[in-house]
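What follows is a pair of complexes built around chain A, which joins chain B in one and chain C in the other.
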Partner chain A sequence: MIDISNKTEEDFLIIKLEGEVDASSSIHLDKALRKAIEQNFKKILIDCNNLSYISSAGLGVFMSYIQDFQSQNINLVLFGLSDKVKNVFEILGLDQLLKISKNLEDAKSLC
Partner chain B sequence: MKYNFKAPCSKKKLRAIRNFIGKNLKKHNLDDIEINMIVLAVDEVCANLIIHSHDCDPNESLELNMNIDAKHEGVTFEIIDRGEGFNILNYKEPSLDDIVRNKKKGGLGLMLVKRIMDHIEFKSSPKKNVCKLYKKFENH
Partner chain C sequence: MGRFFLMLSNKHIVRISVIVAVISWLFLLILDLFILFEISNSMNVGIHREVSAFLLDLFFISLFVFYKIRIERAESINFIDLLWRVFVTGLLATIVSFAIRFFYLMVGSSNLAENPYLINFFYHINLGLISAFIISTLVVWKRLILYQKTKKLLILWQIFEYSLLCSILLNFFGIEVLGDLAYNIILLTLLLLGVILSVNLKWVAYLNFKQKWKSILLIILVILYLIYFFINLRTYSEDNGPVIITDLLDNVFVRALFGFILTYCIFSLLVILFNLPTSSVFEQKFEDVINFQRLSQSIQGGKNEEQVLEILLDSSSSAVLAGAGWIEIFKNNSENKYLRTDNLAIKDIRRIKEAIRKSKIKNLLETEIYSIGNVNKLTASIKDTKFRSSLLVPLIVQKSQIGIMALLKDVNDGFNKEIIDIIRTFANQACISIENFRLLGEAIENERYKEELKIAKKVQKSLLPSNLISNACFDISGFSVSADEVGGDYYDTYPLSDHKYVLIIGDVSGKGTSAAFNMSQMKGVFYSLVQLDLSSKEFLIHANNALSKCLEKTSFITLSFYIVNTKEKTIEFSRAGHCPTLYYNHRKGYADFFENKGLGLGILRNDNYKKYVEVNHIDYGNGDIMMLYTDGITEARNELEEEFGYERLKAFLDDHASMDPYSIQRDLLETLYTFVGGKSRYDDYSALIIKFK
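After this line comes the complex of A and B, so read on.
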């Protein structure tokens, strides 16, 4: 189960994830990211403060857009990850391919 | 200490599978990160079976046996299904570059399982397939 909500602050789109992203719910994350790209946002922040779990299905969604982010000059930063969620990104070294920061302030400055 | 769980082959049941594993591991004094990694590895194997071997058919089921060593040194899982056998050990890993270049959403799950678990076995007979995973607990 995942709840996804969007808000904008200045020229940032903040996508808030609440709950668990697994093989069953990752399609919602996929749709949210695709929509953000289609709407031409160049600064996308993913609020993970209430993300309690992520499996490979969720990691795969982020990975599948890395090329689009690069070719369309989109900056995406994840922030507010719990230690256990951050660890899942680190196991395969995905923390080196995606931008991850501590909090909203840091995420904005990384964009 | 043995625990057993049976679930229909539906992606919506993955959460119940995770809750079952997490709840039982919590009784054994492991930290959150370690519990989450073990839960994740089993979730990945189950998701893979449900989606690829059983086509998400809720009339089919899989069985999960969980056994924590008497000395609390580690945990063994047996994931049993009766579908088309999928041998995780024969799975050829894509590289992360391939995944990014081909915009693939899959391929990371079994990589995670291999990184997390200490031992993986697969046995297939005409009646059933058994995927066995072992993880040694840290600090034991």
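After this line comes the complex of A and C, so read on.
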């Protein structure tokens, strides 16, 4: 189960993920990201402070947008990841393709 | 006799009856003319009047048989058609009769007009047609009276019918024998029976408004015919009494029939007239029943949910009479869909919704109602330019609201309790239909899914190697278990030469058939590339290229690739996003995870991928153990939702380092099962364990 909420700060879109992203809830994540791209946000921050788990399907969602982000000059930064979640990103190697930072402030400066 | 008729088909009987009727009528005519000749010439050839009576009876009976088969046996004739037949027969008789009158009008008071033979001839024509008219009407009336008959009614009718037949025969014996009193008693008895039977008018209730008006018209015409025929016959016998040999009106049968037909005409006319104002109500009820049936049957007819709701809206809006309405279907992921009646535009709906929001039943629009049983207010007046009252009915399927139906009327308090009950019944029936539809769909889907899983599992099993390479330099053991779902774990080995071996373990993202399918692609890629004797880096770059083109957008594969050289005792390896390998160093006496970088296959689908491939080399020693595994093991959770994790895996290998790979594998599974507590909770566990000698 996952709760996704959006808010904007300055020109940042902050997508807050709460709960677990597994095969079924990854659909909602995918929708949220697609909507953000369609709305032409160039600075997207993913708040993972309350993200307890992400499955390979969830990683697949992030992964599927990497090339879109690059081609459309979209800056996406994940922040507030727990060690466990961060480890999942690192093992797959996604930390090399996505920006990951500690907190919101750092994330904004990375954009 | 009965047997004789049974042997004949109805067609034959009709033909015979027509022939008998025509012949008997002709003979009657000839005979009567002959008797007339005999009388006028004061001759006595000895022809008895009984013969002409007999011929008349024969004529009646054959007509009766003819119409009985033609009308009574005719199937699927509606009431209006029946009345129409009566009307047409009567019309024919009237036209002919008028033609005769016209003839007399033309000839004036000449000799021809006074000719008794001619008068008699024309009288016989009238006699034949009027007999046909009253007898066919009798049969039609029989059908109408016996509509939805009871046994009692049927018996009563049979008494009436047999009495009428008897009265035909009375004619044969000569009415003079009986005397006036007996004649009147018989006539009155027959008429009484006719009156009793005439109260059976059930068919009237089944006429709609238009049909009732038609019936009234036709019955009035039939009454006019009857009166005209009766007067016509009377005039003949009064004006030309001595000339008429066979007077139709002398007949009890004919008089009784005239009386009966007239009585039934008057009864029907009155009943139809009194029923006229209520016919619309009856029609409505009838339509409601039919609509209800349509709703119940809509699912069997292979209709989908939306079609069922369309039928519901259609039935409901016609039930409330001249109403408008819409059904809003709630959609989770997209905009709500509207079904609406033709007289309502989308912008009307928006406006009326606003009006409802200001009314007493606004909460029906706002909140989801799970049971309409405890909602007592479904209807309210609204302030709108076009509509004055509204009725909202929530549609509930499997305890969740799938939508709401709104019905509108242009009058205040347009929905009474009866209408609301009917609409709610309609809605319930539609919801039940949809529920059945969904349950059926789920059952089919489940069955299909199970079948799919079975196939996927089979495919997956066949992709894993049944035999691993064996070698004097190391022992190897591998396993992959998956729970109820199909996993995407893959491992394999391949001997490049007698001292060079490739080991691979991978995990395909996703589950089910797509995972099994991607896994088979992985196997294909592995077998085609591994034979090229590539370095681990080259292998991963080529594999990434190949898989980038065939994996769907959100799928990827993680992989660890090892080339073991037993001659040089070295291992070259690269990791493509797969969980880090656990390596037990016998010399150091403990296990640790490799910390090399890498990126999953299919994540970066361009040339940049090669930047992320790292190649590592190690030398191995005797007793070293390499454990390749998939994340199902480290992510296995116990009842407290704790993961098995890296530390436990490391500790496990430390404890079991002295064992052979097969025993390690056995103990690992046992440890995992104990950890998760109950086999029902386990996921996919795969591992490949190599112990170097």
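Definition applied: the second predicted complex is superposed on the first by the 111 of 111 C-alpha atoms of A that agree within 3 Å, B and C clash if a C-alpha of one lies under 4 Å from a C-alpha of the other, contacts with A are read in each partner's own complex, and residues count from 1 in each chain.
Heads up, the rule we're going with is that a residue touches a chain if its C-beta (ideal position, glycine included) is under 8 Å from a C-beta of that chain, and two chains touch if they have at least 3 such contacts.
These numbers were taken from a predicted model, which means no experiment stands behind them.
Novice: Regarding the shared-chain residue A:Ile4, is it in contact with chain B (first), chain C (second), both, or neither?
Specialist: It touches nothing on chain B or chain C.
Novice: Tell me which partner A:Leu104 touches in the superposition: chain B (first), chain C (second), both or neither.
Specialist: In the superposition, A:Leu104 touches no partner, neither chain B nor chain C.
Novice: Tell me which partner A:Ile91 touches in the superposition: chain B (first), chain C (second), both or neither.
Specialist: After superposing on A, A:Ile91 lies in contact with both chain B and chain C.
Novice: After lining up the shared chain so the two structures overlap, which partner does A:Val61 touch, if you call chain B first and chain C second: first, second, both or neither?
Specialist: Both: A:Val61 reaches chain B and chain C.
Novice: Let me test your reading of the model: by the given contact rule, A:Asp83 touches which partner, first (chain B), second (chain C), both or neither?
Specialist: first
Novice: Have a look at where A:Asp30 lands relative to chain B and chain C in the superposition and call it first, second, both or neither.
Specialist: both
Novice: Comparing chain B against chain C, which has contacts with more of the residues in chain A?
Specialist: Result: the larger residue contact count on chain A belongs to B.
Novice: Check whether A:Asp22 is in contact with chain B, with chain C, with both or with neither, and answer first, second, both or neither.
Specialist: first
Novice: Intersection of chain A residues contacting chain B with those contacting chain C?
Specialist: Shared contact residues on chain A (touching chain B in one complex, chain C in the other): 23, 26, 30, 56-57, 59-61, 63-64, 66-67, 84, 91-94, 97.
Novice: Can you name the residues of chain A that touch chain C in the complex?
Specialist: Touching chain C from chain A are residues 23, 26, 30-31, 56-57, 59-61, 63-64, 66-67, 84, 91-94, 96-97.
Novice: Under the stated contact criterion, what part of chain C meets chain A in this complex?
Specialist: 333, 507, 509-511, 553-556, 558, 576-580, 597-600, 602-606, 612, 631, 643
Novice: Write out the stretch or stretches of chain A touching chain B in their complex.
Specialist: The contact residues of chain A facing chain B are 1, 20, 22-24, 26, 30, 53, 55-57, 59-61, 63-68, 83-85, 87-88, 91-94, 97.
Novice: Spell out the residues on chain B that touch chain A in their complex, using ranges where they run on.
Specialist: Within the complex, chain B touches chain A at residues 11-12, 14-15, 18, 32-33, 35-37, 40, 43-44, 47, 50-51, 96, 99-101, 103-109, 111-112, 115-116.
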